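Down below are the structures I want you to see.
Look for chain A in each of the two complexes below; its partner is chain B in the first and chain C in the second.
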Partner chain A sequence: MARITPDFRHAMHWAHTWLGVVLGIVMFAVFWMGTLTIFAPEIDQWMIPETRIVHDERDVSYDHLLAQIPPEARASDYINFVVPSERHPAIGFFYQGADDTFHDNALDPATGQPLEQTDSLAGSGFFYPFHLSLMIEWQNLGYWIVGLAALAMLILLVSGLFIHRKIIAEFFVFRPHRKARRATLDLHNLSSLIGLPFYFLMPFSGLLIFAFLYLPWGISEAFDGDMDAAYAEMTGDYAVPARSGRTAPLASVDAMKRKAEALWSAEEGVPVKTNLVRVLNHGDANAVVYFRNTFPDDRVVLSEYVAVFDGPSGRLIRNFSLPPIGEASAWIQGAHFMQFGHWPLRWLYFLGGLGGCVMIATGMLFWLRSRESRLANASLGYRVVEALTIGGVSGIILATGAFLIANRLLPADATMVGTGRAGLEIRVFWLVWLGTYLHAAILRERAWGQQCWAIAAAGVTAVMLNAATTSNNFLTASWSGHRAVAIMDIVLLAGAGLAACTAMRLTARTDPLGAPAALPAE
Partner chain B sequence: MAGAIQHDGAARIVWRLLAGFGGGYALVSAFVAASGKLLPLIGMARGDAVSLALMLALLVYVPICLLMFATRHPVRDGLAVLAVATALVLLARIV
Partner chain C sequence: MLTIAALLAATSGCLLLALSQRRHWQAVTRTASRAPSSVRPAGWGMIGASLVLVVMREGTSFGALLWPMLIGVSALITVAILALNPALLASLAKLLADRGG
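Here is the complex of A and B:
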């Protein structure tokens, strides 16, 4: 039987160490923002108080909505409605304007009227894209950086398994009162093993979700270079013809929706609802109406069915359901998106995400602790990694708190140098994050404690500002049915408490140099 | 031990990274293309063939990267990765 040689173990240790040091900050940022994204709809309700609507199971008439949307939207080639649900109680409404800009609104499900909402990208518009692309849109560079970090994470997980000789024994060993270096490694091992399947699933499924971006040649080559054909066969996309220039009234969208759901339900054997209603070329003879069950509430799988209807006649022109292997792939992707209705699992995902953050942070911290006595005062590289670690871990958490505070403090009509309110919130995030790196570079080890105190203060401040600037605080919110707001406040307070405890421990710590003779990961 | 990554100079480490991440990317991309062309020949739908190849791609990519970190013959093994990638590209183009 092949044995793991010391040589191989050293090579894995080398890869584990340096991939972690180089990409650890990106991995932490992605995991942190991904963890927040699990509750993005709830964060949206907290940050955009006008969308704090108590959901009821009323049937929305899309014929009625189409009749009352603004004329510019009706003339659009692309009108998109997201069906309201418990977690997204407002109707999502997007359309492409004549100048090709996308307009994003929320409609009141009771009246169909646009909600006058706070200008904020909130969780779905900031935390979610940040964890995909770091908000670096140029040439999709951010997506590639995140993709590389995801691949590196898989390599780190596998190499980590090879490094540890007694991995099961190490799982049961956590000695928080030992020297800081030993305790850091124990916590790294514990947090790594406890969520290992989850940590494999997240980067694997994340890379799979963006396969069309990451492997365009490989996919299109299989379809003789025709990427549209690949999308059509694998995702049910429909190539919509251009406007004909001939006007034609649209048949009943509600009737088409009922027909699509009846078809899908018959195929599945259980009721299947549509999540997305899209009208293309509205008012034209080439109008098309497109329905998709993007996020089923009762199944993990993603975008199982697509139905496309001819707009003027209401005739079904395409009924797509995922083929068997496509369904397996969509299941893995659905496990990443976690949009199905399972609250205990959602909280487990949240804990898994935080566990991943702990694993990454303790890994970076252990690198510092292992070299502290040799390099702390002599090496510029050490100081750079130290500042990046502090800013990348506690700094991004503090910047997130500042983002929430800015959301509650900025006036509704705030603008600065051509940047609107939503943009200003994001500027606050970046400025505070940058500030934490500078703070860490100057104060070094002491910055940990101070930034933890700042996180605690930010959490409490955000909760107080929510109570002061909206009609809900965490007590009244739960009574009035706004559970998302109440839970968000409670999580903020719990996070503030945890940050304060950490700050106290860090401030009290007097022995930063713990150096046992030999550690298994060295 | 001679040849191990921890004793490598910068040039060999850069080669390992390029061969692992870059060569691995080329190989995986070619693997998806070739699978998408070959599997339909035995009756699998083309979309399913590509979906299957995409799911398997990471099971190919990660070991290639690990191999390039671990090998004591990075030049030989890196060239082998590139050779397999080239062969798969040719296969995808010929079929």
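Here is the complex of A and C:
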């Protein structure tokens, strides 16, 4: 067996250190936002109170809905309904307007009427895209940065295993009362090892989901460079013909939906429901109706079935189910998307996500702790990493709190320099995040404690504002069936408590002369 | 119930594996003795049992996701006890010592 030579260990150490320093903040941001994304539908309900609807298993008639949507939507080439569920109790409704703009609405499942929604991107529109692209859309740059961070994370996990000298002997060791540097390393090792399979799975599956972007060549080669054909083969997409110009009435969408679900259920052996109802070229002779079970509730795999019907005749023209190799890939993707109805596992993912945040934060802190005696007062590089670490860890958490507070405080018609309400919430996030970096650059070590106090205050403020501005507070929400709101409030309060405890420990240990403070994550 | 049983099995497995290590055994018992040699295989046995319980309850598809997370939580509980109050495990260690001769 090949031995691990000191040279090899040294090389691994070098890679671990510098990849961590350079990409640690990106990894923390992605992990933090990814952790929040686990509960994105619940966050949506909290931030868009009009969608706090108690779900019941009523049958929605899509024939009815199509008859009552606005004429502009009915004339659209692309109408999309998202079937309501416990976690998404409103009917999602998107359509492409005549000027190609996308309209995103939610419909009341009881009446089919549009809900007057708070203008906010909330969890699904902000936290979720942030964790996969950092909201940097230019040339897909954000996706590439996140992909690089995911790859770096895999390298960091492997290199970390090589440089940890006593994995077995110190597997269960945590010495919180030892010196801050030692305790930081213990916590880094501990948080890394206990969540290791999860930390491997998340960046790996994330990279796999975007393989068509990061490594398209292998895929396109098999399809003579035609990525659309490859995509159709993988996902069951159907090439929709253009409008013919001849009008034709649409057959019953509800009947087609029943037929699709019956087909899938027969194939799977258990009831399979559709999540998406999509009508293309509505009113035209070339109309097509498309159904998909994107997120099965009782299985890990993602998007196994697609059924496409000819609109005017209601005839099935494509019935797609994943081939076995697709199942393997869909399992890995489903494990990342985590849309199945398994609440214990969802909470374990949440804990795993927070564990990942602790791992990344303590890794960056250890870099600082190892160098503070030598570099703290002399090196500009040290001060930059210090400010980036503080802003990147406590700063992004505080900015998230500010985002929630802005959501509850901004008036419904708020606009500023051409930015609407939803955009302003995001501006608040970015401004507060930027502010935390400046704060950290000026106050250095003391910024940790102050930012933790601010996080605690933000958490409590958000809960109070929810109680003041909506009809649910965390005490009444669970009584009235709004479990998502109650849990969100409780998690905010728990987070505030944790931040306050951390702040107290930091403040108690900070030397008045500005000597190093204790760990924020202890 | 099976999930709770799996968590209990995994946690006792982690506790036994930790106690099979000299450092933790001595911290818990406050002696210079060593854990009986049967402690470690018993720990692995409990870890294995937790896997069986998870797969019985959840199947392999969900089990493959759930079980590593349960082990992580169990390891965290074990580390917390050892770091904050190792004396909590004194009676377990005594039982193991008596049984293991």
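Throughout what follows, the second predicted complex is superposed on the first by the 509 of 522 C-alpha atoms of A that agree within 3 Å, B and C clash if a C-alpha of one lies under 4 Å from a C-alpha of the other, contacts with A are read in each partner's own complex, and residues count from 1 in each chain.
Just so it is clear, contacts are C-beta pairs under 8 Å (C-beta built on N, C-alpha and C of every residue); 3 or more make two chains touch, one makes a residue touch a chain.
Values in this document were obtained by computation on a predicted structure and should not be read as measured data.
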item: Side-by-side fit of chain B and chain C on chain A, or clash; value: fit
item: Partner chain(s) touched by A:A335 [first = chain B, second = chain C, both, neither]; value: second
item: Contacts of A:F204 with chain B and chain C, given as first, second, both or neither; value: first
item: Geometry of the superposed three-chain model: angle at chain A (Cα centres of chain B and chain C, steps of 10 degrees); value: 80
item: Touched partner set for A:A230, first chain B, second chain C, both or neither; value: first
item: Contacts of A:Y349 with chain B and chain C, given as first, second, both or neither; value: second
item: Chain B versus chain C as contact partner of A:I194, first or second or both or neither; value: second
item: Contacts of A:I219 with chain B and chain C, given as first, second, both or neither; value: first
item: Superposed arrangement (fit on chain A Cα atoms) - minimum chain B/chain C Cα distance in Å; value: 17
item: Chain A-touching residues of chain B, taken from the complex the two chains share; value: 1, 4-6, 21, 28-33, 35-37, 44-55, 57-58, 61-62, 65-66, 69-70, 72, 92-93
item: Parts of chain A lying in touch with chain C, wherever the complex brings them together; value: 169, 171-176, 190, 193-195, 197-198, 201, 299-301, 331, 335, 340, 342, 344-345, 348-349, 351-352, 355
item: For the chain C and chain A complex, residues of the former touching the latter; value: 3, 14, 17-18, 21, 23-24, 61-62, 65-66, 68-73, 75-76, 78-80, 82-83
item: Residue numbers on chain A that touch chain B, as the complex places them; value: 7-8, 10-12, 14-15, 148, 151, 154-155, 158-159, 204, 207-208, 211, 215, 217-219, 221-223, 230, 233-234, 323-326, 328-329, 332
